[in-house]
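Shared chain: subunit A. Partners: subunit B in the first complex, subunit C in the second.
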Partner chain A sequence: MTIASSTQFICFVALSAAVAIGALGVVLLPNIVYSAFLLGGVFLSVAGLYLLLNASFVAAAQILVYVGAVNVLILFAIMLVNKKENLAAIPGLALRRVLSGAVCAGLFALLLRVAFSTPWATPGPVPLGDEATIRIGEHLFSDYLLPFELASVLLLMAMIGAIVLARRDVFASDIVTGEPADQGLIEKSRTPLLLEKPN
Partner chain B sequence: MTLELTTVPLQAYLALAAILFCTGVWGLINSRNAVRVLMSIELMLNAVNINLMAFSSYVDGQLIRGQVFAIFVITVAAAEAAVGLAILLSLYRNRETVDMERFNLLRW
Partner chain C sequence: MVIAPAVVSPGLDLESSFTQLLQGFGLSPGAAHLLWLPLPMLLVLVAAVVGVLVNVWLERKISAAVQQRIGPEYAGALGILQPMADGLKLLFKEDIIPARADGLLFTLGPVLVLVPVILSWLVVPFGQHLLISNVGVGIFLWISLSSIQPIGLLMAGYASNNKYSLLGGLRAAAQSISYEIPLALAVLAIVMMSNSLSTVDIVNQQTGAGILSWNIWRQPVGFLIFWICALAECERLPFDLPEAEEELVAGYQTEYSGMKFALFYLGSYINLVLSALLVAVLYLGGWGFPLPVEWIVGLTGQSVDAPLVQVITATTGIVMTVLKAYLLVFFAILLRWTVPRVRIDQLLDLGWKFLLPIALVNLLVTAGLKLAFPAFFGG
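Let's turn to the complex of A and B:
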């Protein structure tokens, strides 16, 4: 361990409190913009936990990918779909919340029981520390080479799929029936943030 | 060895991951806003990552296979977020709402 044990303990308590309270805020807060920013805080706290676990590379990847990409993407999605709407009341919503809360509490109890009753093989080997990044690189280019390459293909597919799904094309006429298509989809009142038509 | 008592045990990380996962499950079931559903999925993926990293550090300290798995989970989560938000945008364009209760296109 590179930092003293008591300091590590205090950091763990602070970070885990931030993670737990932030996660509750993400789920419970009525304003979704606050939820998105709290989600960024949760991601940062999880990155801090990774630093406590001797994993500096994964902590950096967590900050880059989650805080830098996923959270910003969620914020952009909130801006794109941010229309004030009054959600219609649903019968039995409170009952559903209580029941699902009970189910989640049961799942939590089960997970805790498994975590505390299993004889884990600790203490294991001494953690690597700073050489972890080198070891990750060796793993990625030897025994995890095929998943590594598949991940690149997956990212390419996800990028192309996201572009295809999110692009905004409205044909002048229906290609099957020949009728004029619903041009309301490119009106500004129905889809905000759309640029003016070029002609 | 009084300092040894204050080191964080493996079970503490597992309990924290369980809290995060159950919060994510509850939010996944109960959110009305579709963006919040995607956020809950991210919370659950982070809980799984915490578990992987904790086991990697405590049990598998030399061959850190858990960290490699966590990197792959982060990659897949990024792809999932991109595609999920694109699907959400096109759903919003069709239904003009983000209310999960009104996405009933597959109900018969």
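Let's turn to the complex of A and C:
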């Protein structure tokens, strides 16, 4: 075994262990803040696995999107509503845990069966290395154009929805309680966008 | 390592000289490469830390000059040893973890802030072969690594169990998310012109006509957007809201002392030097001399590939990169001591309502100019 391949093997084992243990921690830890931080660790380890596969662009994109945006927003949301409260005990918690554990074990067995019965092409196709960035761009603008555009339209819809939900002054009444919204409480520089002020 | 295009002179390649020397002693190529690997990393780590020491001294001296004081004077000539004294003081201070704080996250926070910043030095080129690794995704790697930092800041803010720390952490995360987008768009315009994400290719695209071929003339708007966003990402003064003293004590660093505080301090200064270096690489021609080096060498009648000429051009390259970066650091320090801090709503307005649309328009105009004048804007 050469130095390069043994380094690669050690990295692979360490990263895979980090992904597996981290993911278990995300699900099993009772403290939601720890779960969120561990999720960031899992995303980083997955980026490391991409690097081992010579997909450096995908690795960097994984860090930028999942660690830098998704995970930071999750943490942001958790910390903004970080209230210490004791949740009411759920009846039959033990049974629920056993059931969900069984479902997960079944899924795991299924995935193992697929992993062992699929004829994997080893060694896989030759990695493109730095050419990959160009190839990804070509694919996004030719045969993957429709999924790419659909995903961007979906993101636009989500963004508009978020703005409408956040700007309560576009509704005359509170969408949760149904009471007329107190327009005086809402800080705004101009009149409501869509509706007249309730008298 | 990527082989340089034929038009550009190969320059000094220390790696190949070093490995050839070791192979001359009878080592295998793999072992020679293994012995080479830690050397540039150590060198860059030392350079980053020395850069911070210089930076702290500059900050103290320039702030003193701005306020008509003398500044540090007794520690060494012109107080040049003052940053060492500061560092040693922090090293020997007691390391305190507050009683109700979360010890593990409290320790991990500063580490997560510092490590991505140091990792980003991987892509900073000081010459054709004078960088740790010419990775293909170069500048994109820096953008994605700098997005890890807010997690460390949120972690530090949360673990301190202090409302000022938490507010500081949240502000830092909000600020760095908002300014990352115009920053990435400004970089994208450069990448579009040089057809590559690699920092070495970006600099090579700016050589040829000396100072006239630098990107700042082709991307003046992008340069301003990048500089403003880089200051915001470094939390330098017009945008230092996460640690605004009058409002938040010291933001996410409030509960920290000793070496953990020093890690934050080190991280922010390394980040400032790194941002200045990247502005120099992206807009000011990197290691390029204001006059084309090939032209000057041609005047003296020497060959570009002569060993002595190579050493001289490589040294000029390093000096030019550092000079440009420290000129920008000087401007950053001067800005810090002359302009007031913006409010949080002004900060977010500037990021989302001004810089983002301008950056998008800049990208569109660059694309149009590239199609119209491929000779000047990269074919």
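Operating definition for what follows: the second predicted complex is superposed on the first by the 161 of 199 C-alpha atoms of A that agree within 3 Å, B and C clash if a C-alpha of one lies under 4 Å from a C-alpha of the other, contacts with A are read in each partner's own complex, and residues count from 1 in each chain.
Everything that follows uses one rule, which is that a contact is a pair of C-beta atoms (placed from the backbone, for glycine too) under 8 Å apart; a residue touches a chain by one contact, two chains touch by 3 or more.
These numbers come from a predicted model, not from an experiment.
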So, after the overlay on subunit A, do subunit B and subunit C clash or fit? They fit
Decide which partner touches more residues of subunit A, taking subunit B and subunit C as the two options. B
Of the partners subunit B and subunit C, which touch A:98 in the superposed model: first, second, both, neither? neither
In the superposed arrangement, which partner chain does A:40 touch: subunit B (first), subunit C (second), both, or neither? second
Considering only the touch criterion stated at the top, classify A:80 as touching first (subunit B), second (subunit C), both, or neither. both
Of the partners subunit B and subunit C, which touch A:130 in the superposed model: first, second, both, neither? second
Which partner does A:63 reach: the first (subunit B), the second (subunit C), both, or neither? second
Of the partners subunit B and subunit C, which touch A:8 in the superposed model: first, second, both, neither? first
With both complexes overlaid on chain A, does A:72 touch subunit B (first), subunit C (second), both or neither? second
Given the touch rule stated above, what does A:16 touch, subunit B (first), subunit C (second), both, or neither? first
Can you give the closest approach of subunit B to subunit C, taken over C-alpha atoms and in whole Å, for the superposition? 14
Is there a shared patch on subunit A that both subunit B and subunit C touch, and which residues make it up? 4, 57, 61, 69, 73, 76, 80, 132
Touch list for subunit B against partner subunit A, complex: 3-4, 6-16, 18-27, 29-36, 38-40, 42-43, 46, 49-50, 53-54, 56-65, 67-68, 70-72, 74-83, 85-90, 92-93, 96-99, 101
Subunit A residues touching subunit B - in the complex, by the definition given at the top: 1, 4-6, 8-9, 12, 16, 19-20, 23-24, 26-27, 32, 35-36, 39, 42-43, 46, 49-50, 52-55, 57-58, 61-62, 65-66, 69-70, 73-74, 76-78, 80-81, 83, 85, 87-88, 90, 96-97, 100-101, 103-105, 107-108, 111-112, 115-116, 120-128, 132, 135-136, 139-140, 144, 147, 151, 154-155, 157-159, 161-163, 165-166, 168, 185, 190-191
Interfacial residue positions of subunit A with respect to subunit C in the complex: 2-4, 33, 37, 40, 44, 56-57, 60-61, 63-64, 67-69, 71-73, 75-76, 79-80, 82, 129-130, 132-133
Which residues of subunit C touch subunit A in the complex? 2, 30-31, 34, 105, 135-137, 140-141, 143-145, 147-148, 150-151, 154-155, 157-158, 166, 169-170, 173-174, 177, 180, 197-198
